[in-house]
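See the structures that follow.
You will see two complexes here that share chain A, one where it goes with chain B and one where it goes with chain C.
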Partner chain A sequence: MDTPRTIHRNWKEYQKEIADDHFYYARSCIRQNFFPGSETAYLNILRNDLSLDVYDDPKHTTCTGIGYHTDIVPLETTMTVIARQFALMTEAGYENFLPSCVTSFGLYVEILDMWEHFPELEEKARENLYKATKREFNKPKNLVHTSDLIFHYREKIAENAKYSFVDVKTGQPLKGVEHIGCHYAKIFPSKGIGGSEFPYVLAGMIESWGGTVVDYPERRHCCGFGFRNYLVMANRGYSVANSKKKFESMAPYKPNFIVGNCPGCAMFLDRWQYTIGEMEHKTYGPNGRGIPVLTYEEMTGLVLGYSPWDLGLQMHQVPVEPLLDKMGIPYNAEEKYLGINGKNLGKPQLPQNCVL
Partner chain B sequence: MKGKHVTIIGGGPAGMQAASQLSELGIEVLLIEKDNKLGGKLNQWDRLFPDQTPSMTLLKELQNAIEKSKVTIRLNTEVQKISNLTHGFDILLNAEETQHSDAVLLTTGFELFDARLKEEYGYGTYPNVITSSDLEKLFREGQPLTTAEGRTPSKIAFLHCVGSRDEKVGQFHCSRVCCITGVKQAIEVKQALPECEVYNFYMDMRMFGAGYEELYREAQEKWGITFIRGRISEAALNQENRIQIKAEDTLAGRPVRLSVDLLVLLVGMTASPCNKALAATSGAELRSNGFFNPVDPFNHSVESAIPGLYFAGTCTAPRNIGETLMEAGSAALKIHKFLLQND
Partner chain C sequence: MKWGYTISQPRAINLDTNDYRLSNWVLNNEPSLLRCFGCGSCTATCTAGNLTSFNFRKLHHALRLGEYTRIKEEVSKCMLCGKCRLVCPRGVNTRNVVVSIQKAIKEYEAIL
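What follows is the complex of A and B.
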């Protein structure tokens, strides 16, 4: 056995196969709503910056993840829906499945694992799908979360980076808090880069792009979404309390930004800062402000020089300008609330009890 | 009993005790040990529960008995194959050598659970998370009890059941000795550092042996050690480089969060990895957790279903040293009887 006081980089023990090209893309229901701009940016990055072949199929549906985890959608239905997604992938001539949501990713992994251990369930799903749609499917050869693919190409992105996570005034690396989301690796640690204890998928991106990662005590704690915690209105206090626990734990490290893997996590880590500000007059960033929160697509887009407003950063609750200033990214404040074709989106109301 | 030969595989307390006793009974004994010295885990511990007898005192006693006997010792040899013949056994020593014996005693002991598998506790990641075995080493080498950075700890937590009673790591069994080891080590910490606050996080306190419950009481009353019923869910580093632990106090029904300077993981016993090969080649039966399975847990607890093949000590289940030594004596008598009957 190793001596006790040696440090291992244990994340390296968790590697997974990530195909290089040709992916069937499965959109996230919530990502498109919470962070409009993220998925478009992602596809642009893959197709234009990395020259990859990604198929964005209008025929696919929800994975049922949120309904499944709130006990609204029964397992059999979920399996049949997932079987249909795989059938669409097969029909489109693809073998690599690329879901854009941690909840989805966890669910696809879980169903594939169930089918492996209980082949009769797979048979049943095939039968149900065939009866309902006359479709048949192959299981994906490679199943990776969308962030895994960015991780895979992080060095190539670094080569083409226009901006990095370095404070342009001080030359010091910026400090990022990363949050991989419970369903990315807590259910099946071997399916996530770094497993669940040594999260590295986002940390690897931050490090490759010049920043440092904050290792704070509540790093692995749930963001607070927790499905029922949020979806059942009476439980929302639990949701805020969990996010707050994380903010309290990370704040002393003075992070410059937070990046989320799952759209749900990014959403709650962003919006609950406003809620806590209003409830308790408490904020966690410098000068009474919040800590900007990014999705990893937005983070990648910023590094590659995409316009912050094209990425949809104006839709965030916590303003991202302090981060843009530190990275030296130019932006036009006047255009922040202009939508496509210059249409005025209207300005959000300012919080009453905090600066943000 | 002229001309009868027994091979004992594993030179820990069980193997040493059985070897000298069989030799006293006039049987020719070969004691094989894979390490470069005899003693098994006695070489790793400092003071033994329940009465803090130095481990070396007991080891010397066992060694003296071996030295007085005619036991042949073979070190640095790991046995991986036992052929079960019509008359006796062939034990493969290496590519060229085989030992023929009339009976075989397996005393392969146990392995410590690799605490890195419980990743959430950060062993191997945070230098101030150590195991009970590491702590024994520190005491044995007379090193001062400090953190990896050389600070004198003001708070230390022990976590029970690491790698035991844990379905997630495939170790369902209770390792039995870690509770009392936790009590003993907590007291030793207080003896070394009276000012240090000591916490033990446990699921159940299993104080099965004579004097154990008394020691547990002493730990609370005399040494002021705090016992909290609850398993730690996670250990992480905080800004002062201390280990922050989260647990639930299941008696008080409230969450606990504590920052400590050292977290000691009371690692359990797992089956020796060589058991698989030895079982496959000899026909001995294994339990689902990889320990050997004797004929029954009562009157035949040192016997395998194969005539002439015996077990003693922790190769069948977790035990303390007293029980291990008693089993070794019992196995020696059973082997003696078997050889007489087959003379």
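What follows is the complex of A and C.
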């Protein structure tokens, strides 16, 4: 039986050190393609709202995570590419690495762990990098996922919040489903806030900003991306089945929104609702609609009063207007599909067999 | 729309949503089946099991979980020789279990 002392010790093991300032930012391949407003909003929040120093480097590349997890990119190549990212960080004069993608975060942690246990691999990566680019690098002193940093400053954000996760009509807290990417803490539990069993990174944000978190049976189940499960078209039925399992499990709790910290998860939990709607005429939200899905950057932006359309919420498959109405966030429906310069972006085709 | 894939059906067994009318009918008809402790003697001595994939223990397990997929096909492989009944240490009337399942399948065809 756990005594208070062991509980305290266990919880301490689930904490991680998060630096306060000066970060080298590494973008996500998926995030900037499918939720293009998120990363811009994130940088604006860090720089303008939290007054932090973040370096957004145009020279960095993919971490190779997607290729690595589909067995396309060899481990040695991955290590060299990651060594190059660290070299760019070192050249820019930073020591804290801030990857935007959970897959990248997991991969950086994994490679650093490999180098710790097998120093000869690190030597080889250094040699390969030098031969290819004449670059050298220092390993980051602090490696945190971008959601960790928002979690770190969640109370400060709450102090400056313009809106909260409270239904403006009823005064009741809104119910949020938090979905943590598998590679955030399932591979290295000690590297995530709350570990793999009790990840608190998103739940902490929702609770600090007035909402409640839904604890449903399939809360820790994978979204189904699984890399090769999606990338090979014939396997996608397995991928979507995982998300469906989660939707069926969470639907009875009537959540108002879903939030994810992994670019892939947010995309699939959003897009698969359309797929399931079209294939099986089934939706999981109220009035035959879907459950809005947010990235944590968008969630933070909404709380801080950013315009929903500047955050890129028009790029979501499931419309987010029902959530905006509940939070009391004003928006102009006619401006939804207008670009920054007022140019019409065009409207997406409507689903045929579901409302969404 | 051509998707190129369909949504895979889960292989998880959901004990809350499965329909137990067929298995309850069999258990009422042959209560000795409740004594089974799954030793597998029936399967080890099965004549049909030597020639086909028939497996009484698997059949019983699926029946009790309310998983009826392929049960109709499987139960038709039994030759009703009764050797399983001779070796059963719990005295289960295994032959009547098979006959009861065959009757229950006709009774509850709609839920299969």
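What we mean here is this: the second predicted complex is superposed on the first by the 345 of 356 C-alpha atoms of A that agree within 3 Å, B and C clash if a C-alpha of one lies under 4 Å from a C-alpha of the other, contacts with A are read in each partner's own complex, and residues count from 1 in each chain.
One rule holds for everything that comes next: a contact is a pair of C-beta atoms (placed from the backbone, for glycine too) under 8 Å apart; a residue touches a chain by one contact, two chains touch by 3 or more.
The structure displayed is predicted, hence computed values, not measured ones.
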item: Chain B versus chain C as contact partner of A:Lys131, first or second or both or neither; value: neither
item: Chain B versus chain C as contact partner of A:Lys169, first or second or both or neither; value: neither
item: Chain B versus chain C as contact partner of A:Glu280, first or second or both or neither; value: second
item: Touched partner set for A:His117, first chain B, second chain C, both or neither; value: neither
item: Which of chain B and chain C A:Lys347 touches, first, second, both or neither; value: neither
item: First (chain B), second (chain C), both or neither touched by A:Glu197; value: first
item: Which superposed partner A:Ala241 touches (first chain B, second chain C, both, neither); value: second
item: Residue contacts with chain A in the superposition, chain B compared against chain C; value: B
item: Residues of chain A that lie at the interface with chain B and also at the interface with chain C; value: none
item: Chain A contact footprint on chain C (complex, rising order); value: 1, 3-10
item: Residues of chain A defined as touching chain B within the complex; value: 1-2, 4-8, 10, 189, 195-198, 215-220, 252-253
item: Residues of chain A that touch chain C when the two form their complex; value: 233-238, 240-241, 244-245, 275-276, 278-280, 352
item: Residues of chain B touching chain A in the complex; value: 112, 114, 116, 119-120, 122-125, 127, 129-131, 134, 148, 234, 236-239, 244
